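Pasting the structures in now, so scroll down.
Shared chain: chain A. Partners: chain B in the first complex, chain C in the second.
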Partner chain A sequence: MGSERVVVIGGGPAGLAAAAAVADVGSAVTLVEWAPFLGGTPIAENYAALTPNMESAEVAMGRMIDRVTSNELVDVRLGSQVAACEPDGHGFRLELSGDGAGPLHADAVVVATGFQHFDPGRETQMYGYYEFPDVVALQDLEAMLKDHHVVRPSNGQPPERICFVQCVGSRDRQIGNEYCSKVCCGIASKEAIEVRQQLPDCKVFIFYIDMRMYGYWENQIYWPAQEQYHVQYVKGIITEVLQKGDKLLVRGEDTTMGRPMEVTMDLVVLSVGMEPSLGTRLMAKTFGVAQNKYGFIDAAHAPLDTVSTSRPGIFACGAALGPADLEDSVSSAAAAAVRAVAHARSHQPVGA
Partner chain B sequence: MPIGGRKQPPTAVELEHATVTSPLSGREWELPGMWNRMFEQRVEWDFTTEGFEKIGSLEGGESLEWCYGCGKCVPVCPVDLVGEYGPRKIHRKVQTGLDLFTSDDLWLCTTCMNCLRVCPKEVDMVKVMPAVREVAVAEGQVPGELADVFEKTFRYGNALGENPRRRHAWTRDAGVDVRVLASDPRPVDVLFYVEDYWSYHPRGMQAARSFARVATALGVDFAILGPEEKTIGDSQRLAGEKGLFEALMEDVVATLDRYEFQRIVTPDPHGFNALVKEYPKRGHRYDVLHYTQLLAPLVDRIEWRKELDCTVTFHDPCYLGRHNGEYDAPRTLLRAIPGVRLVEMGRCRENGYCCGGGGGGMWLDGLTANHTSERLSERRVREAVESGADVLAVCCPYEVSRFEDGAKSTGNDQLQVRDIIELVDEAMGGGGG
Partner chain C sequence: MGSERVVVIGGGPAGLAAAAAVADVGSAVTLVEWAPFLGGTPIAENYAALTPNMESAEVAMGRMIDRVTSNELVDVRLGSQVAACEPDGHGFRLELSGDGAGPLHADAVVVATGFQHFDPGRETQMYGYYEFPDVVALQDLEAMLKDHHVVRPSNGQPPERICFVQCVGSRDRQIGNEYCSKVCCGIASKEAIEVRQQLPDCKVFIFYIDMRMYGYWENQIYWPAQEQYHVQYVKGIITEVLQKGDKLLVRGEDTTMGRPMEVTMDLVVLSVGMEPSLGTRLMAKTFGVAQNKYGFIDAAHAPLDTVSTSRPGIFACGAALGPADLEDSVSSAAAAAVRAVAHARSHQPVGA
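Right, the complex of A and B next:
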């Protein structure tokens, strides 16, 4: 073991995986998280079950957190953020602010600051997220599923008909998010299964442009949702949501039938995509690493090096690099960790 | 909008009486029906799970809901090529509220199985359609022309409503002796199960005689059931009369039990299909061959006496080819015939086009005509002509009459429709049907 130290920024799935990996190979690691708790978005946004294996988010994240906090090589700084970064020999001198304020030397840095959910208020289509209480987003339904209390926010009654609207805030030039957010088809289908489990009488519809189920998600989520849970997939996206009595009227085109559609729903769930989190944007500036046009940190040597940024010694992983599911996030975290350790050790005196 | 061939106009919705109030005078006007005419609304206004729940609860109906809309089935659906129909469309229509149990769409599927061949989700219309039809039949929602055939089959044991005692009348002019087991019950190698159309249809009877001559010349020890034979009724099963099929199976098995034979040979791919796939489910196992499978291994023993000098194309029967995987035996026979030049149509073998007769389509020409721009058999005839063939060769008893009609109605009288056995017989110096 050397005296090198890697600093990981962000305590979500990617940051926890990176910190654990750094410690696993015997380097000291400081994990900086600006929230007062670890677990990242799955905990902060009250996710119910993780995709695709449907394990409780709290249980699964709790296991990751324990693995990190129980390792003596890991120093966790909650409620803290990196305020400044200066070169320091071959490494960096970081200035932390917040609860763990103070200077910190880093031989290498892993940025794992993740994403935030697209704000449906920015949608150019009129989905009425802030107008209608019964229009919610994926994470709002997650919270209801976690409480086993899926209701129409307008009246507290269980919905009889729910629809998901895919690609909200993704694949849209006007919004500026031309990319596919990768996970929303799977998340919507997973939530649809959970709704059918919790409310067996509730009809669930998913309106989509095209279902993007990567790899095993096809048979792990999509096919069971359709074949075992009788979720109805309708090809054609919703363009607007209107009030009709105490219901919501969703309007769009049924593209396989080539006809307009106007269907009433009790609850409309917007499958919001991913945008770079505020933390990702701030850290990109603080560390002076290049961002792509969408604000995600640029993987400078992609596709075969997915974790190096434009600045040597600064690595990134997870959804800070762009839309990523959990499996991709923890995989890139391990890759970033090993690259960061290698970078840190390459400048350490042998046997120090 | 529907594309291609849909002859039925949109369903008109007319109100008998309507009263409108003038916005100007406030006066109420009575409007007669002609002014109240509306058409089916264009906007899809509901999606429902009820249809899938009802169909999915039927044994065999589960997979309709599995469709994810890729559409691979539609271009290979023989009905969609001449009308507005296709498995994916059925899925979507049911999702948008179609009651398949009372819809004409229920009767358009010929169970040709080309959709299942290409379906990534294994949506099995060959099981879905008969399951739904069975319910429709039980509820009396059957097209009249089909109900008539069910009635005839029930009453006479054949779809044509012919006298069962005349089932072996074709043997008289065969020119060779055909043993009937009822009068001569000695053990026999081949029980020749003639089925309905070779027993009664004039063109089928010609083929049956050809078979008798060819089999006799080749020294095949065969006999028929004659008046004791009843149809196996596989197409009736697929058209929704499972009960009738099962009752027939009991009769057929009881008859077969009385005789000793090594194998069953039939010219009918539909009966063949049932004997190979359905009978074993009830424990009735026989060694079954289509007649082309009996004869193909014997071609080297045939003494040819005549060169036919014709270009022949071959139509794969859905129930011999796709359903049971036999593509080569018919071609082996055709290639062996002196003077036959075999050419293939674009759609052949695994993606062979359907003649329209399967799954009850044989008896639904009236209903199908209301939803298609031309018959499937007519389209197939035009493909045969395009292939440059003089002869359209077949080996399913449904097809000779269907294609001969199609050749006439499309103005292609020059195209001869011949069963393979007729060509073999002719080249062996027999009558050729």
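Right, the complex of A and C next:
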């Protein structure tokens, strides 16, 4: 083990996995997180249960956090941000702002700053997220599920009919997000199951273009959602959500039946996609690494090297690179850790 | 760096990535491959171009192979198989058969034995793979694309109309494969683009249930396939393929139009899914690790640990764990390498 140090930026699933992996192979690591806590989006956004195994997000993330904070090779800097990056020998000199102020030498850097949920106010369809209290987004329902208190925000009563609208902010050229956000079909279906578990009398519909339950999500989530939980999947495009009395009127087209559709709902859940987080956009600039047209960090040598960026010594992983599920995030984190450690050690004096 | 040794089984994308990662972080690795060459399925099955970036499979895999074979820490055993595994201290004693015969000590093992294509002879629909020469599978067309010689096997003439039939051997309870094979939508679409590039006058259709172009495959493959290459996507179920004169008659239902469909084609391509390879099934038994009901190796602690099996010290990655694309495979390979190295070193004497 040498004196090399890898700096990991971001304390969510990808950053925690990257930090753990760097330490696992014997290098020192500093984990820089701007929030005052570790755990990233699953904790910040009050996720209830992880996809697909439904384990409590707090418990699962807690295990990852313990693995990192209990490791002597890991130095955690909460409430801290990288403000600037300058070359420093074969590595980098990072200026930190916030609680962890002061310069820091990094022999290699892993950017794991993740995504943010698409803001449904930017949606060009008329879904009324900021107008109608009973129009919510995936993460809003997630927080209600965590509290076991799924209600209509307008009146505090449990809903009798809920629908999910897929592809909000994804697969949409007008908005500029042509990509698919990959996880929303699975997350919506998981939440639909949880709604049926918590409110067995509530009818649940999912309006979708393609149901993208790749790999085991098909058998682990999609089939039980239909067969065991009677979630109703309708291939259709929703064009408009309106308030009508104390209900929501959902308009669109049932594309399987080939006819216009108009249904009333108590709660409409917008399945918002992923966009690069502010941290991802900022770190891309700070480190001078290329971004794709969507603002995510560009994986310069994909598909066989998933984590190298346009700049040697700077690696990225997880949803900072684009839509990613948890398995993608922790796997690519390990890949970034390996590359970062190898880069860092390649410039260390022998025996250091 | 200690005296620990990790044994990686399988020389495809996942195994090569795992071996490279173990060596990258300074541990010795033996790579055991039963075939007389490295590269795995992309080489064995004559893949033309990788998804999604269309780089030559030979060139891309060649780079991975060079990275491994040029590394002094990597010992490659071709034409070799693990015949038995016994506990050996904190690690394992492996008996090798074949060219690399003799026992081998492993402090940890990474199983990267991948998938095999579903055998369309097992399909319960009547697709006629073994009856009609012009019914082929994805990998057959891939080999023709690599040779720039896409023809109807029946007469050697270029086809004027080709269709792909999706979900052959996937999402199918009768066959026992309820899972989605994840990559076939992307591979079929990539091949459809290549057909249009090589045979600009050929009409290309894809019959699908859901078009699962997750993440960037949506914008990188699906949109260009439609807009630039005019591949025609038809949501429909194909129930039967018959020979009619020198054409193939394809019968099913157009589910968007809600009516029966009968079309003639020159070439029908079955988009076969993934099943565990023979190597994956054998190694699961040899190492005594749990398999899921499909025969893939079970990831015991998914989703936040993607690579641990039911047995400490034995890790798995890539398509040995289930349907995986190239990015999944090389990322999970790094994750397996990190865990294997950490496991191996945890039992090494200090300073060894």
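Definition applied: the second predicted complex is superposed on the first by the 352 of 352 C-alpha atoms of A that agree within 3 Å, B and C clash if a C-alpha of one lies under 4 Å from a C-alpha of the other, contacts with A are read in each partner's own complex, and residues count from 1 in each chain.
Going forward, contacts are C-beta pairs under 8 Å (C-beta built on N, C-alpha and C of every residue); 3 or more make two chains touch, one makes a residue touch a chain.
Just so it is clear, the structure is predicted and the values come from calculations on it, not from any experiment.
Peer 1: Using the superposition described at the top, determine whether chain B or chain C touches more residues of chain A.
Peer 2: Looking at chain A, the partner in contact with more of its residues is C.
Peer 1: So, A:171: does it touch chain B (first), chain C (second), both, or neither?
Peer 2: Once the two structures are laid over each other on A, A:171 reaches chain C alone.
Peer 1: Name the contact category of A:335: first (chain B only), second (chain C only), both, or neither.
Peer 2: A:335: touches chain C, not chain B.
Peer 1: Looking at the overlay, what does A:300 touch: chain B (first), chain C (second), both, or neither?
Peer 2: The answer is neither, since A:300 touches no partner chain.
Peer 1: May I ask you to decide whether A:24 touches chain B, chain C, both, or neither, giving the answer as first, second, both or neither?
Peer 2: second
Peer 1: Kindly classify A:199 by the partners it touches after superposition: chain B alone (first), chain C alone (second), both, or neither?
Peer 2: Neither partner.
Peer 1: Regarding the shared-chain residue A:242, is it in contact with chain B (first), chain C (second), both, or neither?
Peer 2: A:242: touches no partner chain.
Peer 1: Have a look at where A:233 lands relative to chain B and chain C in the superposition and call it first, second, both or neither.
Peer 2: first
Peer 1: So, does A:78 touch the first partner chain B, the second partner chain C, both, or neither?
Peer 2: In the superposed model, A:78 contacts neither chain B nor chain C.
Peer 1: For A:215, decide between first (touching chain B), second (touching chain C), both and neither.
Peer 2: A:215 contacts chain C only, not chain B.
Peer 1: On chain A, what residues does chain B touch that chain C touches as well?
Peer 2: On chain A, the overlap between the chain B and chain C contacts is residues 211, 223, 235, 256-258.
Peer 1: Over in the complex, which chain C residues touch chain A? Could you list them?
Peer 2: 13, 17, 21, 24-26, 50-53, 60, 63-64, 171, 178-182, 210-219, 223, 235, 255-258, 302-307, 322-328, 330-335, 337-339, 341-342, 345
Peer 1: Along chain B, where are the residues that touch chain A in the complex?
Peer 2: Touching chain A from chain B are residues 1, 42-49, 52-53, 56, 65-66, 68-69, 71, 88, 92, 95-96, 121.
Peer 1: So in the complex, which bits of chain A are touching chain B?
Peer 2: 203, 205, 211, 222-223, 226-227, 230, 232-235, 254, 256-263
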